[in-house]
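You will see two complexes here that share chain A, one where it goes with chain B and one where it goes with chain C.
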Partner chain A sequence: MNAFVTDKTLAPAGELEPAEREELLRVDNVSLSFGGVKAITDISFDILKGEIRAIIGPNGAGKTSMLNVINGFYHPQEGTITWRGKVRRKMKPYEAASQGIARTFQNVALFKGMTTLDNIMSGRSLKMHRNFFWQVLWRGPAENEEIEHRRKVEDIIDFLEIQAIRKTPVGRLPYGLQKRVELGRALAMEPELLLLDEPMAGMNLEEKEDMSRFIVDVNQEFGTTIALIEHDMGVVMDLSDRVVVLDYGKKIADGPPEEVQASQAVIDAYLGVSH
Partner chain B sequence: MLYDIFIDPFVQMYDMPDFFLQVLWEGFVAGILYALIALGFVLIFKASGVFNFAQGIMVVFAGLTLVGLNENGIPAYLALALTIVAMGVLAYGVERVVMRPLVNQPDIILLMATIGLTYFLIGFGEFVFGGEPKQMITEQLGLPTGSTAIEMGERGLIILQHIDIAAAVIAVIMVTALGIFFNKTRIGRALRAVADDHQAALSVGISLNQIWAIVWFAAGLVALATGIMWGARSDVSFALEIVAFKALPVLILGGFTSIPGAIVGGLIIGFGEKIGELYWGGLVGGGIESWLAYIIALIFLLFRPQGLFGERIIERI
Partner chain C sequence: MFYREAGQFKTSYKADQALMPILQDRVGLTVILLIAFVAIPAFANDFFLTSIMIPFLVFSLAAIGLNVLTGFCGQLSLGTGAFMGVGAYAAYKLTTIFPDANVIVMVLLSGIFSAAIGAVFGLPSLRIKGLYLAVTTLAAQFFLEWCFIRIPWLYNYNASGAIEVPHREAFGVVVSGAEATPIVRYFIVLCITVAIAYLMANVLRGRIGRSWMMIRDMDIAAELMGIRPLQTKLMAFAVSSYICGVAGAMMVFFWLNAAEPSSYSISLSFQILFMVILGGLGSLGGAFMGAAFIWILPVFLKFIPGTLGIDVAAETVEHVTFMIVGALIIFFLIVEPHGFARLWQIGKQKLRVWPFPY
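Here is the complex of A and B:
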């Protein structure tokens, strides 16, 4: 089960002990509620540059809410988010995107009528600097820019091995490939922090192996920091440098995979004890 | 009876080619004008997946603003510029007040919001400009008003209104400009992205607010052009709003998401209406022009629910 992941100790990022790495994002005492329902209660953790950070927990533990807070879909009532050493003000998702936070969604949010190529190109939106009036008035420079972006996108398509479906409308693709295209779109943003919400949900073993390989490659080759939510414990324990465990909107454990795995609170949360 | 339906109209077409060509021209002009209106709907539908109920009233509102400003002593071209600014303000206002609070709501909610906007604009328009029909300032804008007769040897002549020719030219220019704008720029891709999935669009860094403001502004410009052209043929009055719903069968034909579809759909409806009325209308006592378009659309719906050029709806189950 664990054999398919490349040995992480060879990774540049892996050479550093967690303590030596720079902090990319820190969440301090964040609480989020919808009306009377508390989704997240007083959670703090950090994400270090270059690591793969897993967020796990039973269903409804507040994992996706946490990602939504990080990328600006939700605004917590309490607590602060520190991004690259600065406390972040309340921020819209597209602003978070422009600061280098990309994400994928639990229930695949692709542009269904568009081709794989166009979907991934849409990830370049923020990188295209020629403003649109220029694009209409004077095509030359804008066209060159488009070609340059196109080259980057083709690289991503090669990387994810989806050349065969470049021109296929994504609505027609099987689920596993859709997830891969969604990852491609996020990668096209050249993010500093990549948030993956259950990247392997609903996949068979082979697809999971592929996806795991891509995640590790992204982390090692591009140095992208990754925060992922995943239910497959085998995958989580294999991929991640550190794991934070949520249950009922609270943090119950945080640390390296082995440590978390051994924690009594985590075992209770997963096996279920009366609260 | 069968002779009247299947043979006589064609005999007439052959016998009086000048009349037939005149009918075709009328159909062409009507089609172009329908296409212009439909274009406004398509723009907003593409960007938000919403049928913009207010497009018709926007046509009236743009026309009234233009004429109203001119009535108050502002020169025609300045009034035109100010009207464009007004449509910009309207677009920004709609985005700010109507669309922004409704991000991620079901389409039906947005549709209701555009109905609300319609009533607001009717009230506001009547309050500012009064409810009387107004004459379009065709000449002041430098649009031609005369007509040309083309002789066809001994077979009669065709009369072309200059304003109709101008309408056709302006429509072609607008459609081309919009086509380039939305197909060749990143805005086009962003637009489709926004229409497909709000959340995903936000997550890749597309600003919904910006896109919506741009699209509503573009729709406002189309409404202004439509208002001028329709207004020049009749008057600028609130009755025009109803005419705008002629765009519905056009949209069903052409597909809600396609700019070329709006044009082809408009032309089919335009030709169909005029030819149907003048050659077959007599059989049922005339007046079929007002509903024939819907019948044509209905028949198309049976065979191509997504319209001629609409995006196929693909859903994996």
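Here is the complex of A and C:
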């Protein structure tokens, strides 16, 4: 998988050193608790434009909660989120989606009753504007709009190589393909920031390699910034530009993969340490 | 062998996303429409029209209405009967207030009132889901039924407390009231039902229909993809109630001629819900199949003893009909819990590969 690292140096985004890149998103001193349970405590980090940023940590470290804060599903009690220069305390899911944050879910959250095509088309919802009366008539503007977006969706279907399952209800697809369709659905939103919550969970080696390839391609070809939660350390270390490590809701390390790998705090968190 | 898409190539997305991309489907639909518009009016007697076809179409439309809400948007509702009643009473009041207006237009407008009321009773759906939502729509059912009884203005202070359809003419033909001929009523009901079914098919395959299905299948993911749950759900409630309202208005104007509050009781809600469940949640064709099963089958069953010359008391026939229909409902739900629409899909799949098993 080392080939990925070499590829990245050729990419347009990769030409810039991390320090020179523009900041896309920053969370400052965010704390989130559910009643007495502190899910996230005073976490700050940033995501630069065009990078692949990994968020790792043991189970229950608050990684998914962090993504939920970023795309507005949870509202933190303290701290701010800076998205493209605008500081805010909380975001609504609708705002986050319309401003270019898309995500996939740890447990596949596809629309089970709909076909692959409809699932990916659903990612275009925010970009389609014909109102109810045009939709009722169908002929004319609504149909043209549908066709125009269908073209974009077909590009994504080609990119992910899922042409054959275009008209299959996603409930019938195997798990690996469902994950791929979910990535396609997020891509259909043409996001600036793509949040991937364990995109490779439960996959075999081959599927992981495919998925890694798609993630790198998305990052390089479309210039999409990616925040990635993943437990497979090989994948994380190969793909990501920078890694932030959480443990029990606290940030314990932040930096390039090699640096994080060598950090004693991270080793302790993963291997456990005698008190 | 007879039903397959092999050889029917699509060269544009437009052709690919047509309502019926397969030729055989289009032929089938044309045949059904020809039967409905030509054969039935030409050969059917008055009894067949008034007791079978008109109620069947009215119930089909109501089932489409409920299917939009429950089958496509995933919001369970037990208030269908009441929303139909709102349409009926609104149409009645409209014809009283505007005596010269075309009654068909009034029936179509009356749906707007039930859409508004449906949207109001849809407000709890933001917080309440599933069976609990069904209970809140039950509140709508009882409250609205109470209104039909206790607000005399709604039935023009009639001594009977019922609404009676006034005699109205349009385009030189009697369209409502006791003198209207079954054939005229049938054509009105058929045109409205077919038109609304077609328009709904358009909505359901586009962005709005997809947003409803997104809410149904995975509301959290839908929200994170920029669907605003409240607006989407309220729209489903409004559209569903509009269709139910029109069906309710047609029920009294073109079928029953008169209606009292008990015509729109909870049992009507359940009847429509069963049509939707049996026909198949999330299928327009299923709404028609469900309505046919629940309405037409019992009527036919009641005629079997008479035509075979078996001498049984009318009550016995009635009871046996109930038992047979009930048993068949259980049978079909065991065979295919997803309803007739799914059976039809399976049947089509079998036709595709016929004469081979797979």
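Methods note: the second predicted complex is superposed on the first by the 263 of 275 C-alpha atoms of A that agree within 3 Å, B and C clash if a C-alpha of one lies under 4 Å from a C-alpha of the other, contacts with A are read in each partner's own complex, and residues count from 1 in each chain.
By our rule, a contact is a pair of C-beta atoms (placed from the backbone, for glycine too) under 8 Å apart; a residue touches a chain by one contact, two chains touch by 3 or more.
All values derive from a computational prediction rather than experimental measurement.
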item	value
Fit-or-clash call for chain B and chain C when the two complexes are aligned on chain A	clash
First (chain B), second (chain C), both or neither touched by A:244	neither
First, second, both or neither for A:187, with chain B first and chain C second	neither
Touching partner for A:128 - first (chain B), second (chain C), both, neither	both
Contacts of A:71 with chain B and chain C, given as first, second, both or neither	both
Touching partner for A:147 - first (chain B), second (chain C), both, neither	second
Contacts of A:172 with chain B and chain C, given as first, second, both or neither	first
Partner chain in contact with A:118 - chain B first, chain C second, else both or neither	both
Clash-bearing segment of chain C, relative to chain B, as chosen among 3-11, 111-119 or 345-353	111-119
Chain C-contacting residues of chain A that also contact chain B	71, 73, 93-94, 97-98, 102-103, 105, 109-114, 118, 121-123, 125-126, 128, 132, 135-136, 142, 185, 189
Sites on chain A touched by chain B in the complex	71, 73, 92-94, 97-98, 102-103, 105, 109-114, 118, 121-123, 125-126, 128, 132, 135-136, 139, 142, 169, 171-175, 185-186, 188-189
Partner chain A, residues of chain C touching it in the complex	12-14, 17, 199, 202-203, 205-211, 213-214, 216-218, 220-228, 235, 282
Complex contact set, residues of chain A against chain C	71-73, 93-94, 96-98, 102-103, 105, 109-114, 118, 121-126, 128, 130, 132, 135-138, 142-143, 145-147, 150-151, 154, 185, 189
Complex contact set, residues of chain B against chain A	177, 180-181, 184-187, 189-190, 192-193, 196-197, 199-208, 311, 314-316
